[in-house]
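Please go over the structures that come below.
Both complexes shown next keep subunit A, but they swap its partner, so subunit B is in the first and subunit C is in the second.
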Partner chain A sequence: MKAVYPIATRCIDCHLCEIACIIEHSQTKSPVSAHFLEGLQFNWQLSRGYADPAEAKAAVRPSPLSRCRVSANSFRFISTMCRHCEVAECVLACKNGALYRDASGRVLVNEKKCIGCWMCIMACSYGAITRNIDRQNVPGVAGNGVNHHCDLCPNRRTPACVYVCPTQALAYEER
Partner chain B sequence: MEYVIVGNSFAGMFAVEAIRSVDRDGRIILIGDETERLYSRALIHEYLGGLIDESLIYLRDDAFYDRMQVTLLAGRRAEKLLPDDHALVVDGETIGYDKLLLAVGGAPFVPPGIDGLEKFKDSVFTFTRLSDARLLSELVKGREKIVVLGAGLIGMQAADAFVHLGKDVTVVELADHVLPLALDELAAQLVQEEMELANVTFHTSDSVARLNGKAGKLKSLTLQSGKEIPADLFVIAIGVRPNIGWLKDTGLIVDRGIVVDEHMRTSLDDIYAAGDCAQGLELISGSRIVLATIPIASEQGMIAGLNMAGQAAEYQGGIPLNALQFGRLQIISYGYVKERKGQEVISVFNESQSAYKKIVLEDNRIAGALFVRAIDRAGLFRYLIEEKVDVSPFKNVLLSDDFGPAALPTTIRDEMFTTRRSRIHRPALQTVSPA
Partner chain C sequence: MINPLMTGNAPAADVQDLESLGICALKRGQYFSSMPEYYVDRDQAKCIKCLVCVRQCPYEATFYSAEMNIVTNRHENCINCRRCEAMCPTKCIRIKRWGSGFRPNEHWTEKHIRSLYKQADTGGVLLTGCGNDLYYSTYFDRIVLDASQVTNPSIDPLREPMELRTFVGRKAERIDPSGNGQGKPSTQKFPNLVCETPIIFAPMSFGAISYNFQEGLAIAASEAGTYFDTGEGGLHPNFYKYGKRAIVQVASGRFGVSADYLRSAAAVEIKIGQGAKPGIGGHLPGEKVTAEISRTRMIPEGSDAISPAPQHDIYSIEDLRLLIYAIKEATEYTVPISVKIAAVHNVAAIASGIVRAGADIVVIDGFRGGTGAAPTIIRDHVGIPVELALAQVDQRLRDEGIRHLASIIAAGGIRNSADVVKAIALGADAVYIGTAAMLAVGCTLCQQCHRGKCAWGITTNRSDLLPRLPIDYAAERLSNLLHAWSHEVKEMLGLMGLNSIESLRGNRLKLRAVGMTEEESRILGITHAGI
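After this line comes the complex of A and B, so read on.
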């Protein structure tokens, strides 16, 4: 099965992969309306200092909802995302079976079922899962949200991050 | 091939899926002593507290057993194991097996020496099953003062459920702080304060000595310290022990749980064990211990199933891991977070955010990691612990807000992100979950 693999030596920390991901998963599919009409946010600096994304959002400083994430350290950069592991640690840890593998081999989350217990965040050795607090199935729990991770862009032939990367630092292939 | 699995929860479920990924023809019999179909034992507290809809607690859909061609014997209890005959006695009926998986989990431990447990038995409960949750949700309507014995994960979650039901809750714990196995003193203090905001009362370094009341009605409890506290419902949640009493005198080697090797095999031929009843390899200590958590049970069940079906899959070992939340405090912990002599600690505490990160190091390898509220990317630490990575080259950035894959040495970063990793030799089929 094809998945997205980073080529770290080519990454220049431009964050276009994150922006493309957010736009691809938005409703309006355009950067300007995604930001102004849907309220989607692209800049990680805005929510810095907030440990809880729900509190960041309440302070009108929401974190970006990208499914890939650029990591930077001392001029070394890399964008990482879910690898749709053959044996998925998240699926083995999920408290109620909301995480599953579909017929194509992708590891996906049933967003209506996820209770936001974050066992998957604990379990994913690649740090590929984030908290989407724009959806909650357990409103009685503070900061509740659902699992958020790469879904390999089901409506595209090539994932948006791979397509947009200006240095071809992301590869979509079988390994 | 006759596969028999005793235990209708996580380990048994993943074993079924693993067997079917390799063998669509063998017969599978799944025996469970509960009548409900596959549900998540971890969610019975949320269910009791009215926080989640019942539909969210079921692990698979109604058609799961049919789809997997499993003969389900629900509400039936396995009473005796006859290893020489390759058979099990289930409610008087003898069932033969070619391969047997014991995924029988744990049973709640009731401490001896509490005076009055029998006299007030209508007010004393353990809380590990969905049937307990249903019973308690009816019973609790007429009760106000709930006392929970045990501030481990089950006790604290039970207390939380009763808080959501608007009850007056007190928790009594033997250790000197709550969640003594999962948290350190600082994190435990944060959790206790959070629960105290919801009016929960705590008595730590204490225990319950006696139940008091009149005419079978519970009125109060006397603690070991001498204090008397009002109570009309008493929930015992001091721990769960592997359900292995019924396996005595079978020749099965047991310690705290059923001892298993890297193929989840027990000491008896064609018998495997997985989950909360099994004692498998723990990577940090290098010894075999019972790790009663969902990811371990699921993985062990999957590996057992593959081996039963003839695949040589190996269990690499596990570590203690927990993800929990009380009030606003989301917490993830790995390994052993209370430092011992000779271990190094690095930590950062942002008091205004109640955000706490702590790493315990031994010889530059992570032996424990604890995250309170700052849980983003915590899973990277699972990799570092399980792969026994020497973190000295990047120790100074481990706790930074920006810690991520870019901070890892190139060889490790590439090992993690450029290969198609599989934790066992052959992948198991994981089911399509209908929405």
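After this line comes the complex of A and C, so read on.
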């Protein structure tokens, strides 16, 4: 199974992988129109993690749209995204059957089934799963959301993040 | 140095900015920065506020204002390295000159005025990087090459063999045809560098350039069958495996010099001077001396690395001879010894003395040669063009009958393969390329090498900037450069009807001057075009 693997020593903290991810999963597929027409936020500072999704929603802070995320300490950078593990802890943990493995080996989510219990986030060893608070399947629970993780760009030969990375810090390969 | 973005809120929270309220007032000590040189023109209609430019700018010229939700600039910090332009995903940034500059004045140019302001602000010596950027005649641009027509055939290098292999070092006095009864002619053998192409990477020290760039040079040199020069900063322990492709330097600071260092190399170079700063030493500031550099240079971490102006044990040609032979003894006469001097007045006599002192290679570094850091005033006004120095040295050594005792390497301002061909025809055996190699890996000649925070990861060792130049990228691009130039040199040899670089060396009949005075063409030893 081919997946995207980051190489920490080559990452330069430019976050172009996140931008490419958002653009690839947008309607218009152009950074300018995705930002101005679709209202997608590329701003890493504005879309960073939040404690309470409801609060974030109230403050008009968009959900993290990028499926990869560059993390950093003072000097080391690394982009993290779903590894589509051979033994996927998240699939095992999903009690609603929303996460599944398709024929090609990708771990995907059925967004209609996800109720936002976040057992997948608890189970993931890579911190690669985020919450998409734009989707609500359980109206009673305020500011819930659905599972959001790398889908390896089904419409592309190479995932968008790998394609744009200026230093080849992302490897799309079998491991 | 923590990236301000990572501390949380607005990145503009540096002390200086809080004190100045973000207002560039014309107050004491701020004349220079109150008149920005460049204007970062950001098309806000296309800016998607992804902050790539903010993260890529090491000079803090770009910042994000969270309150207004816009990305904007401190224009006075911009030095036109073009990193943000290159990285912007929507290409909404264009760097322009600020305003109309000063009132046009051919005598007091903007460079003079700005330097003067900066010095009046700070009271210091202005530093800079790269090579001399002033308008002086570049003689390469006024020399043209010959080509074969009817009376002699040109050669197609794609169909016929073309020899670029160059032996750099001392050659035998004569060939003994009797062969001492061995059957074949014998010669006295001296150690030589064997270059598959007459292009060698110039001395650039680890410390002045990044670890990744130096490893890229080493890999490219190994692949192309040529050599790289360590500069005065020593050879990193990880690079000893490239030792057979390394020319190691012994400079006035003696950084990183040990018996292993000398023995691991293909050649040892004694650095007397550098084209960008003839007659002065070097200074690597303590904050740039990281753990790796301290290990390589064999000096304490964080201490200033100061190279004295002269080599304190060399005050004469006789002293130089002592050092050359000390190194020859240390390396058991297995490697050639090179002496690098800056091109200055009387360079021919100096070179003659160096050859008589026992050097196997003489490197002449012209005033266009680059540097990691030098006082601007010295870089711009000291030294002479390498073309003139080269022609004079070659002629002098030939006149004295000692040309075979040493090879000449020309350095300083070689920009393309035509410059290589012209330099070799003027008498060089090989050329050094430094600035050209940096350009090959992305340098934009912003001349900020001395600040140690190169946005392209070339002249920095800051660990957050270093990965911007991956080793394999550097190696690949440098290999490509050598391949392209070698091919072009072959084409030029072919059109001149030559099939070997040996036939071109010192062959000034293949050169003609365009628009030179009689004096200039006499010094270069070439005739004017048309004759």
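Here is the rule we use: the second predicted complex is superposed on the first by the 167 of 175 C-alpha atoms of A that agree within 3 Å, B and C clash if a C-alpha of one lies under 4 Å from a C-alpha of the other, contacts with A are read in each partner's own complex, and residues count from 1 in each chain.
Here is the rule we use: contacts are C-beta pairs under 8 Å (C-beta built on N, C-alpha and C of every residue); 3 or more make two chains touch, one makes a residue touch a chain.
Fair warning: this is a prediction, and the values are worked out from it, not measured in the lab.
Per the definitions stated earlier, placing subunit B and subunit C onto a shared subunit A by superposition produces no clash, and the two fit side by side. Annotation for subunit A, partner touching more residues between subunit B and subunit C: B.
Using the contact criterion defined above for the overlaid structures, shared-chain residue A:38 touches neither subunit B nor subunit C, since it reaches no partner. Using CA centres, the angle subtended at subunit A by subunit B and subunit C is 140 degrees, rounded to a multiple of 10.
When the two complexes are overlaid on their common chain A, residue A:72 makes contact with subunit B and with subunit C alike. Judged by the touch definition given at the top, the superposed model places A:14 against subunit C, while subunit B stays out of reach. Between subunit B and subunit C in the chain A overlay, the least Cα distance found is 8 Å.
Counting contacts by the rule stated earlier, residues 72-74, 76-77 of subunit A appear in both its interface with subunit B and its interface with subunit C.
The part of subunit A that touches subunit C in the complex is made up of residues 9-16, 19-20, 31-32, 34-36, 41-46, 72-77, 164, 166-169.
Across the complex, subunit B meets subunit A through its residues 14, 40, 42-43, 46, 49-52, 56-60, 164, 294-295, 298-299, 302, 321-323, 325, 327-328, 330, 332, 334, 350, 353-355, 373-380, 382-383, 386, 397, 401-402, 404-407, 410, 413-414, 416-424, 427-433, 435. Residues of subunit A that touch subunit B in their complex: 3, 5-6, 8, 48-52, 69, 71-74, 76-78, 80, 83, 85-89, 91-98, 100-103, 110, 112-113, 115, 117-119, 121-131, 137-138, 140-143, 175.
Those residues of subunit C whose C-beta lies close enough to touch subunit A in the complex are 2-3, 5-6, 46, 48-52, 55-56, 64, 66, 69, 87, 89-90, 457, 463-465, 467-468, 470, 473.
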